[in-house]
Each structure stands twice: as C-alpha cells, then as structure tokens.
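Below you'll find the structures, each written out as structure tokens.
Each of the two complexes below includes chain A, the first together with chain B, the second together with chain C.
Then we have the complex of A and B:
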C-alpha cells in the first residue's frame, strides 16, 4: 500500500515538473493556477496558427486562454456534508417499499402479484430441460425435427385417438401435478 | 514487506488475545469485568459481534421480561457503503419477515447479500439466543460502514492518472425479539405547536 502511494506521488511530481518545463519552453506559462484541470484550447492549435498569423494572434494568445478559463463552469464553494446529505437522503431518492408481494398458493414461496412464482417457474424449467434433452437424443442432430406435433407421455400412459399422427416423447417418471394433458 | 510482517504479527496477537478472551469467559463469572482486557492495537474489527457475548445477571421475578437481542454483521462486502445505506435505511424498523420479503424483490446487488445476513442472524437467534419464534423478531438497528479499500491506478488522457478506490463495506444488523415498535407519527400541527411552546419557554436566566 505504502510503496504504491509513494510511487504514485513521485510519478505525479515528475509529471508536474515535465508539464511546467514544457509550458516554459512554449512560452505560454502565464501562472495558470489549476494547470492539470485546464481544458481550453490546447497547445497544438497555437503551434499550427503561429507561422500563419503571428502578429494578429500574438496579443490574443494569452487572453484566449484566459477567456476560455472564465467561460468554463466551476463550483464556487465546496458543498458541505449537510447539503450533500439532504440531497442524497431526500424522500425521492430513498427506496420505496413494495406492497405487491404475496405468497404463491402452489408452493408457498413469495412472489410479486404480476410475476410468476420464481420457484414454480424454476421447477417447470428443469422438467422442460429434461424433455428437451430427450428430444435432442431422439433427433440425433440439428435441423432434424419432424414436421409433426409432439406429445409427451409419462409412465403408464397410452396415446389417445387425438394423438394419432403425433411424435411421442416418453419420460420415465410419474406425471407431475402441474402438467395436465 | 515490513507492512506484511506487521500485518502477520497483528493477526497472531489478535488470535492469542481472542483465545484468551474465550478462556477467561469460560473460567470467570461475569464477563463484563474481563471484557476490558485488550491491547492498544485496533481489535475493534469484531466489536459488533462481541455484543453477542454480553451476559446479563438473572432477572428478578417482578422485572419485565428483557427481549432477546442478536447482533450480526458481514465484513468486506464488495459494494459501496453509500449504496448499502439506502437498503439499510429501508429495512430499519421492519419485522424480519417483511425485511426479507422486500430484499428478495429488490434488484440491487447489496439486497441479496443483506438478505443472506438477515437469514443467518435469524438462524443464530433461534439456535443460540433462545428465541422461540423465528418470526417474532424485528430489525432494531441496521447500518453500513466503510471497509478497507484497495487502491488502483485509473489512466486518463495526456499521461494523467488518478487513484481509483475499489470500495468495500461492512453491514451491521441487530435483531430484537418482539413486535416492531410503531414509529411515532408527528403531524405538522404538532411540530408547529412544539415550536411555539419552545418560543414561549424562553426566559431570562439568573434574573431577579
């Protein structure tokens, strides 16, 4: 921790020294106070325009930079912690308590009124996954789905008359209560 | 290197003093007298959990029943303490079931962690702190604190850099047995009445 901060501090000092040296060299060192924060027209445009319009822009070089500093918005005073707290803890920023939570009648876990119960949905997803695995095994490759409907039968079930021309997927378990024909 | 060594040394001393604590508690009677035995190194890292070890003298038959208290915390959660504060503020004063329900359906990262902490605390209460019904608890205190941050370098343009903080936070909760107390509702009229009363009570001190 301490080595990192010392390294960072030395890096910062060296960079500041390099910056001030560069400013002195380029002749734009007009005692700018927040040297790292100035975001006005950079050194490069100045160097480009110099050979073209030297006499016209010479008196305007430093006023140009000063104008840009005056134009940039900056906070005037530090915001106190009291002001900050009143803004951060205002009523509209607090988390609102939800009133639409109720227990699921099937499993008893909590659910929101307009959303499916998470537990029941996960249970159905699991079974659907197993059915899909079985279908994948039956088909044996991609793009081999037959152009017929599918019917899923559990243990001890026979296809009825309506399931005549349909493909049958057998699952070796008891029919779950939530999956009615 | 020196920092790492001193860190190991601190951990070693902490382990020794921790075991000393436990042994002295088992031997001694009232642990309150012996809990002041600590070195000058900051061993307050687990101060909140030490509250669980507080033992009261047996109550007299005519005293009102003291409700059970459970203190629990989780340290160094990879989340911001300011963001955690909003969740802690929401949960304050709720019954434990309501708090767990609200946190389950909140989308924030800290909500999942906070829900785990509350469930752990509820289990601890039933197992170790003689709480009869696990629903008969409410959140008396809940707040977040700053953890130990890691510092990284964030690279800006033009060779500039900043120091980035990888934020961590702690979360503390105190569950108390019983029905949650109803928050006192003060209308604007009551507040105005109190203000006017305060003005009326002004007087000149040390007068004749």
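Then we have the complex of A and C:
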C-alpha cells in the first residue's frame, strides 16, 4: 500500500515535470522566477532548475505517505448493528432453499430429482467394476477389444439363442435383483 | 455499423469453449469418444459428456454407411485413437443401432465429484450396453394392498358379469 502511494506520487511529479518542460520548450511560460534576462533558448534555465526541483521534491518524498493519507477513503461513522444486520441478512446473501430433494424409491437415500441416486449408482459402479476386471482378464492385455457383443451371465445361467455369437462374461455370483435384462 | 461489443458480450452464443483452444477441444473430445467406444459407459463432467454426445451419434451415423465407404473409414480412423476399436465400431455398434434412427446414447447426471472442485458429473453410455441399467426397470408388485384389493374387485366384477350372462 505504501509502495502504491509513493508510486502515484512519483507519477504525479513526473507528469508535472513533463508539463513544465513542454511549456518551457514552447516558450509560453513567463512566471519562472530564476529565468535569465537573456531572451534565448531556454536550455540554461532548465539545468539550473533541475537541482532546485529535485530539492523541492526530496523533502516531499519521505512524507509521501502522510501526504497521500489525506486523500484516501475512510468510513465517516461506525456502521450500526441494524445496518450491518440488514446488509448481512439480505435475500441474496442467504443460502437458497432447495425444493428438488426427494427420497429414492429404490433405496430410500435422498437424491435430487434430476440426478441419479448416489447409492444406487455406486452399487451399479461396483458391479460394473467387477465385470470390467473379468473382461480385462479375458482380454489379457491392452488394445485387444474383440469385434463382438458381450453378454454377462451369472451363476446357473446358460446363454440363450439371442446370445449366439457373443462373448460370454461369467460372474460367479447370484444375479442381483436390480439387474434384470 | 456494428454497435455491440462483440468480444465482451456472448448473448446467444451456443458453441462451447473447452480446453486450451479449438484444436485442444477436438483432441479432448476424441479421447473421451475413444474411451466411450471401448468401455460403452463412461463418467465425465457434464459439459464434456454433452459435447461428446453429438460426436458419438455422428460417428455411429458414419459407421452405418459400412466399412467399405472411404469417408466413413477416414472418420473412424481419425476419431478413434486406438485402432482396435475401428472393427468394433463397424461390426458391433453399427449393427446394434440398425433399427434406430437417432438417440444412440444416454446421458444421466450423477452427484457432484467428491474433490475440492465439486464438478458436475454425468454418465454417458451407448444404449444396449451389457452392463446393469442406470434406470432400473420398475415392476409392479402384486402383493401390495391396493393391488390385491383391485384384483379382488376385478374378479368380483367378472363373476357378476358371468352370472348376469347366465341369467
């Protein structure tokens, strides 16, 4: 923050310096006190004035912070608790109530209406994970996907006539109730 | 004379910007599509799944033209980075969707990712995949009270109709 105020101050000084120099070059200034009586090019007065301007600026540079504090924003009065409360408890800052939560009809866990039930999906994911492990064992290496359909059979199931040319993945457990064909 | 700020306002723009640029977007979607063709059911962010869906269905449309078609083979070899999936696409997925005209994929939203980013996730699958269904089929339970009462009522009405027909 102090660097920012010093930077702004130095920018202001440099801008003023540029302005005065432009005025000198154009020859429109006549209020400079140490100007020479010679009516010629204004190079000499420039060399004289530079150390003077630096001397003027140096004493100003260190209390730059004190000088800039005078034009910084600050609260005028203490905000009362009533004002604070109305700001903190405004409609847009409160947490919105969701009305789209309902229990899943299968497992009873809560779910949002447009999103699948987390529990049921985790159940399905676990089973598909085991099926994919079995497929990985059957393929025996990467990039060996066979160009045939796959069918999954559980314990005690035989392939029907539809599952003729398909690759059979066997799962050594009873068919789960939620996995009817 | 254009009076609007083209760069700053994007009202009505439907094209999504994904990844580091258009090329990066296509590469990312290509990877996701390859994964989808290999595994037939994948889980990604909702936006990526939505973008891939269009390309997945267009790929099936190209595959339906048959593997002798030059354009179809070029498209398949571009979009599938793993070349053992090209025969799978033409011999498994294209015949599976012979009788469907559109809608080869299904997208369903799942609860947000558990990481710090809590990203919105979705599951994208080709229909007819061998895995357990995402939406379990609801069967009517005959043994509920209401169903038993309705069954009794239907039987009584049938009996009354038979008696009425006899008399």
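As a working rule, the second predicted complex is superposed on the first by the 93 of 181 C-alpha atoms of A that agree within 3 Å, B and C clash if a C-alpha of one lies under 4 Å from a C-alpha of the other, contacts with A are read in each partner's own complex, and residues count from 1 in each chain.
By definition in this document, a contact is a pair of C-beta atoms (placed from the backbone, for glycine too) under 8 Å apart; a residue touches a chain by one contact, two chains touch by 3 or more.
Because the structure is a prediction, the values reported are computed rather than measured.
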More chain A residues in contact - chain B or chain C: C
Touched partner set for A:94, first chain B, second chain C, both or neither: first
Partner chain(s) touched by A:110 [first = chain B, second = chain C, both, neither]: first
Contacts of A:81 with chain B and chain C, given as first, second, both or neither: neither
Which superposed partner A:128 touches (first chain B, second chain C, both, neither): second
Which superposed partner A:70 touches (first chain B, second chain C, both, neither): neither
Partner chain(s) touched by A:11 [first = chain B, second = chain C, both, neither]: first
Touching partner for A:179 - first (chain B), second (chain C), both, neither: second
Complex interface listing, chain B residues touching chain A: 3, 82, 86-87, 89-90, 101-102, 104-106, 108, 151, 153, 159-161, 163
Touching residues (chain side chain A, partner chain B) in the complex: 1-2, 4-5, 8, 11-12, 15, 36, 88-89, 93-95, 97-98, 101, 110, 112
List of chain C residues in touch with chain A within their complex: 38-39, 41, 82-85, 87-88, 90-92, 96, 108-111, 123, 130-134, 136-139
Residues of chain A touching chain C in the complex: 105-106, 111, 114-116, 118, 120-121, 124, 127-128, 131-132, 143-152, 169, 176, 178-180
